[in-house]
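Labels run A, B, C, D, E and F following the written order; every chain starts at residue 1.
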Amino acid sequence: MQQQLSEAFTIMLTGMITVFVFLTLLLMAMALLRRFAIQPQTDTATSQSSAARETSTDNQRLAAITAAVHAYRRDHE
Amino acid sequence: MQQQLSEAFTIMLTGMITVFVFLTLLLMAMALLRRFAIQPQTDTATSQSSAARETSTDNQRLAAITAAVHAYRRDHE
Amino acid sequence: MQQQLSEAFTIMLTGMITVFVFLTLLLMAMALLRRFAIQPQTDTATSQSSAARETSTDNQRLAAITAAVHAYRRDHE
Amino acid sequence: MERWLTLWQSTALSAFGWEDAAMMLVGAILLFLAIRKKFEPLLLLPIGFGAILANIPLAGFNEPGGILYYIYVVGIDTGVFPLLIFMGVGAMTDFGPLLANPRTLLLGAAAQFGIFATLFGAIALNAIPGFDFSMQDAAAIAIIGGADGPTAIFLASKLSPDLLGAIAVAAYSYMALVPIIQPPIMKLLTTKAERAVRMEQLRQVGQREKILFPLAVLFLTLLFLPTATPLVGMFCLGNLMREAGVVERLSKTAQNELINIVTIFLGLAVGSKLSAAEFLNVQTLGILALGAVAFAIGTASGVLMAKLMARFSKAPINPLIGAAGVSAVPMAARVVNKVGLDANQSNYLLMHAMGPNVAGVLGSAVAAGILLALVG
Amino acid sequence: MERWLTLWQSTALSAFGWEDAAMMLVGAILLFLAIRKKFEPLLLLPIGFGAILANIPLAGFNEPGGILYYIYVVGIDTGVFPLLIFMGVGAMTDFGPLLANPRTLLLGAAAQFGIFATLFGAIALNAIPGFDFSMQDAAAIAIIGGADGPTAIFLASKLSPDLLGAIAVAAYSYMALVPIIQPPIMKLLTTKAERAVRMEQLRQVGQREKILFPLAVLFLTLLFLPTATPLVGMFCLGNLMREAGVVERLSKTAQNELINIVTIFLGLAVGSKLSAAEFLNVQTLGILALGAVAFAIGTASGVLMAKLMARFSKAPINPLIGAAGVSAVPMAARVVNKVGLDANQSNYLLMHAMGPNVAGVLGSAVAAGILLALVG
Amino acid sequence: MERWLTLWQSTALSAFGWEDAAMMLVGAILLFLAIRKKFEPLLLLPIGFGAILANIPLAGFNEPGGILYYIYVVGIDTGVFPLLIFMGVGAMTDFGPLLANPRTLLLGAAAQFGIFATLFGAIALNAIPGFDFSMQDAAAIAIIGGADGPTAIFLASKLSPDLLGAIAVAAYSYMALVPIIQPPIMKLLTTKAERAVRMEQLRQVGQREKILFPLAVLFLTLLFLPTATPLVGMFCLGNLMREAGVVERLSKTAQNELINIVTIFLGLAVGSKLSAAEFLNVQTLGILALGAVAFAIGTASGVLMAKLMARFSKAPINPLIGAAGVSAVPMAARVVNKVGLDANQSNYLLMHAMGPNVAGVLGSAVAAGILLALVG
């Protein structure tokens, strides 16, 4: 019992420290990520792709009625 | 053969009686159910919740019509 | 090695011939199919069913708003 | 040259027997019925296709390594697929009309006489040389009279897997033939005046009643007929998901994508059991004949029970609605409605027939449980 | 006569024990909580129903040949179902609020103290006669404090399958009780002024950052905690499908049909573990008590950590958001928002609480990996 | 201290080898190609992710108990997943353009020369030290030239499971590279005048013809090439469900939810075969080189066949459409359209190229059947 308790205590300590170390590492990784990711946000490739996305969103809206037909068919078969 | 036939006959009898007994029990259970279920139908909790459900359905309908109109307009611009 | 190569060569020949023979048979089957299938294209049963399909397409258009509810809910949950 | 020989020996032409060809023809006929005649196409199309695939010589669909083999072992041997279909059917079923008029439960009970009479008939058929149905076989055949596909497949997979193919095909075929089989029997047993009877409008049923009903069914079943709980339990789970109102996304999935996926697989697996050895014999003819008899007796029992109830009831009862007790949802209820309209142009019986119709589903699941308990 | 005896012996009435009845009552209570009280109905409805089915005498749902047996073996024994749920949850999770304010990761870390303290507590409970939790049991119980259903089921199925039913029920029940458990603790540990603190608006997060984040999480996990990679990996796969923008049809399916199908099966399989032998004992009471303690400690740790961070931070931090670190997405974040509004009617904390909330999901998956590594 | 050691030994850092890291890099490259370059993302994203997961030391994804292990055993070992994908592809395929111009079937036949020439090439490569492809290996590699993912995975799983990962990656990568690989070859083999040829408008194809076509394909296949029936049969089942018009809900599910679910699993399972031992060797380089050659030869054969047909045809034939015979639906047809537009700004070849395009799918399934018959 005594031994089990001390083992549980060690696991508690080890575990919490590991969780904090791990998530702190992730925190640091996120800082790197942000620096890495934000910079090319403004380059042409990305803006192109975001333009493409807008267009496709428009297409999606345009196609709403088409899509509704499918839903309707499925529901009213 | 003779024995098989009489066995089949017994199963037929037993089966039909059991089906009737079982569904008659269910019939009685449904009578209880109805009495039990109808009474609290009028209490405030239920009516509140059904009111809430209607409202949210109404909202969804309104929102859906708005959305559909948008989609339709875009489609026909 | 030599033997493997000649085996591969035989497979290549056999394979290509079989592919061509098989798809040529299919080509002939398609000619039969066309003759068989086109004739009853004009009978009343088919035109009826295509009429029915048009009507249901109309219904589908009419119900587009109803169906939009589903699409909208799913997207905004 | 040797290579061409290999190829030739691997063609089916060299290995074809007339039985294989005959079974493929059976598959083609099922496809024709499904596509052209719209006979229960959701099941008969995959069943017919599966029958063709299963009988291709040398292709090995039914052997370990073949896709139909795996589907059968995973879904039918275990009983999982029919139970999932039943869950989906439960999620599609509205018990409102039955709850509004509970007495129609008895019509769903009476129509099960089609099942038990057919069991007797199957054993009687053993008098004819060439037939040798065991009691298990007879029970599996009899369930065709339940007019409920998943129940028939589930019971046949437990009691008589060899007959599964023929039983499933008979069950779905006759369900599709309900508009042809039932009306003559219905008209024979009723007068025009009886068929013209209008029934009172059904009361509104509250949500709480609908939620508690599947639980009540489950409760009675687990007390008295545990062998029926797989079928009834999954059915009630589906229905509870539908009515609870708090798990709509699960209910929708059970009614749509899940049941569709399982239907494709179930159909293929049933088709895979349509092998020459198990289908091309006189027993199959017996099964088809017994199935037709079962439907006819079930219809007649339902109608006669409705006539009996009409005699003792204050509220008017149109005896036609008894015919819907065989289940075959919703086809049988539509047939009732049509025959009713023929007798009285303003007599809409559809909702009144839905009560016995869904009662018939419960009734045949209960009957399946009884058969499992008695001969399983 | 003999036939009636067979039927009677096949009824549950003859075989019922009070334990079966008690476990069905437990199932019925879960259904009541799910349907009437809306306690995590997506899981508790199938769990409750599965519990009823599993305890029907003579029905054999849990034995080879029974549907619950197959579902359990295929989906829980293998760990596949909780992992697929986790993939779907990943596809539903927006890491934007966490990426906008990365420090809230530490709140998700602090709240995991609920897990590890409970592990200690479970072992301490062994001092009371009647309790005899192994270290594996204690770890599986402790994960209830992670407030994350699939993580709890996954870990319990690996470490302590016998306790799986009780652990899953406790986890989902307490997740549903978050609005009752958390507010008193949150108010106890904060002043009204602290609760009224408004936080700065979050920055916009770019798509590229969102795509790289799940990959970064996966990378760190595989380097340092391979035992956490099943959970974290499937979660990150779902999230990557969501954010990549090129596989929208896969992402939608993972978020809808696939997770719905798996949820039905997972619930039934968990319910099938609610057998009398494994549930009706004092250990279950211990598990329920420990689970409540775990939630409370997790909440308190999160809030205290937020207070500590607020002291050292230039930007204002409302300590309430620490409570969301237990996960229970999105319930805990909504509770934070509500308690915040009570203190300051124009203080909307929802998005600020979503950061620690999703961090809590990662945190408990990481904690599960640690427990697997240390006691697995 | 000892506990820290346990944790450390359970980290991947202590167990990492450079091969694991290299394979994860391969996975990351596949993710990059999928997300950034939009290379067949539906498959390459899960494949890449699966490759990363499979190579995490100590995580055991590929061992019994690991999710990738189960997915592989259930779906690839049995051949079920590629067949289900093929069924879904069949349900998405419109054979109208092929039925309107049946002669384009021959283009789909000619393009399969890419497959058989590559088989010869793979054996020839054995002359180089380090290569030792068996005839089975060579056949599995050659099928890359079929430009059809599920066919390649199905055949590789039957003939050469060790090479499955490399073959699947090559197949999908080159399918994505079709717009880069094909145009130079197409331009080399045609004059500008040929590329500018306009073709006559296609006739309308009736529903009945579309229903009977998959059945005719199945019929010929089962007569002459039973080994091709798994692939062709499931494809035809999907197409029949699409065209029959009576099972729309099954067809929609096969095209959407079912194929999406299977795609996620198939991708992960293929990724799980990207292990260092099986991928990091000179054979993989050989496979990649042979795959490129196969695509080039297939494209050239299709174009040359189209030139030959144009010489003998009364109706004008644009030889570019031969390039679509490799399948890679619908990418190859789009490439034809684009190259055609470059030569003649009012020349829309898309629908004309769809005929050979879908013929190519049939052609490579037939070729797979032949290879199974000859070397399986």
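Assume a residue touches a chain if its C-beta (ideal position, glycine included) is under 8 Å from a C-beta of that chain, and two chains touch if they have at least 3 such contacts.
Values in this document were obtained by computation on a predicted structure and should not be read as measured data.
When the C-beta contacts at B-E and at C-F are tallied, the pair with the greater total is C-F.
When you average the Cα atoms of each chain and compare centres, the chain farthest from chain C turns out to be E.
The most distant chain from chain A, with centres taken as the mean of CA atoms, is D. The geometric centre of chain B is 21 Å away from that of chain D, both derived from CA atoms.
Between the Cα centres of chain C and chain E there is a gap of 47 Å. Chain F has its Cα centroid 41 Å from the Cα centroid of chain E. Look at where the CA atoms of chain A average out and do the same for chain F: the two points lie 30 Å apart.
Multi-chain contact residues, meaning those touching two or more other chains, occur in chain B at positions 11, 14, 18, 67-68, 71-72. Multi-chain contact residues of chain F (touching two or more other chains): 3, 7, 224-225, 249, 252, 257, 370, 374.
Residues of chain F that touch chain E in their complex: 3, 6-7, 10-13, 15, 24, 28, 31, 34-35, 38, 41-42, 45-46, 49, 52-53, 56-59, 61, 65-67, 70, 256-257, 260-261, 263-264, 268.
Per the touch definition, chain E reaches chain B in the complex via residues 3-4, 7. Considering their complex, residues 99, 102-103, 105-106, 108-109, 112-113, 115-117, 119-120, 122-124, 126-127, 135, 138-139, 206-209, 212-213, 216-217, 219-220, 224-225, 359, 362-363, 366-367, 370-371, 374-375 of chain F touch chain C. Residue ranges of chain B in contact with chain E, taken from their complex: 10-11, 14, 18. Of all residues in chain A, those touching chain E in their complex are 1, 4-5, 7-9, 11-12, 14-16, 18-20, 22-27, 29-31, 33-34, 36-38, 40-41, 46, 50, 53.
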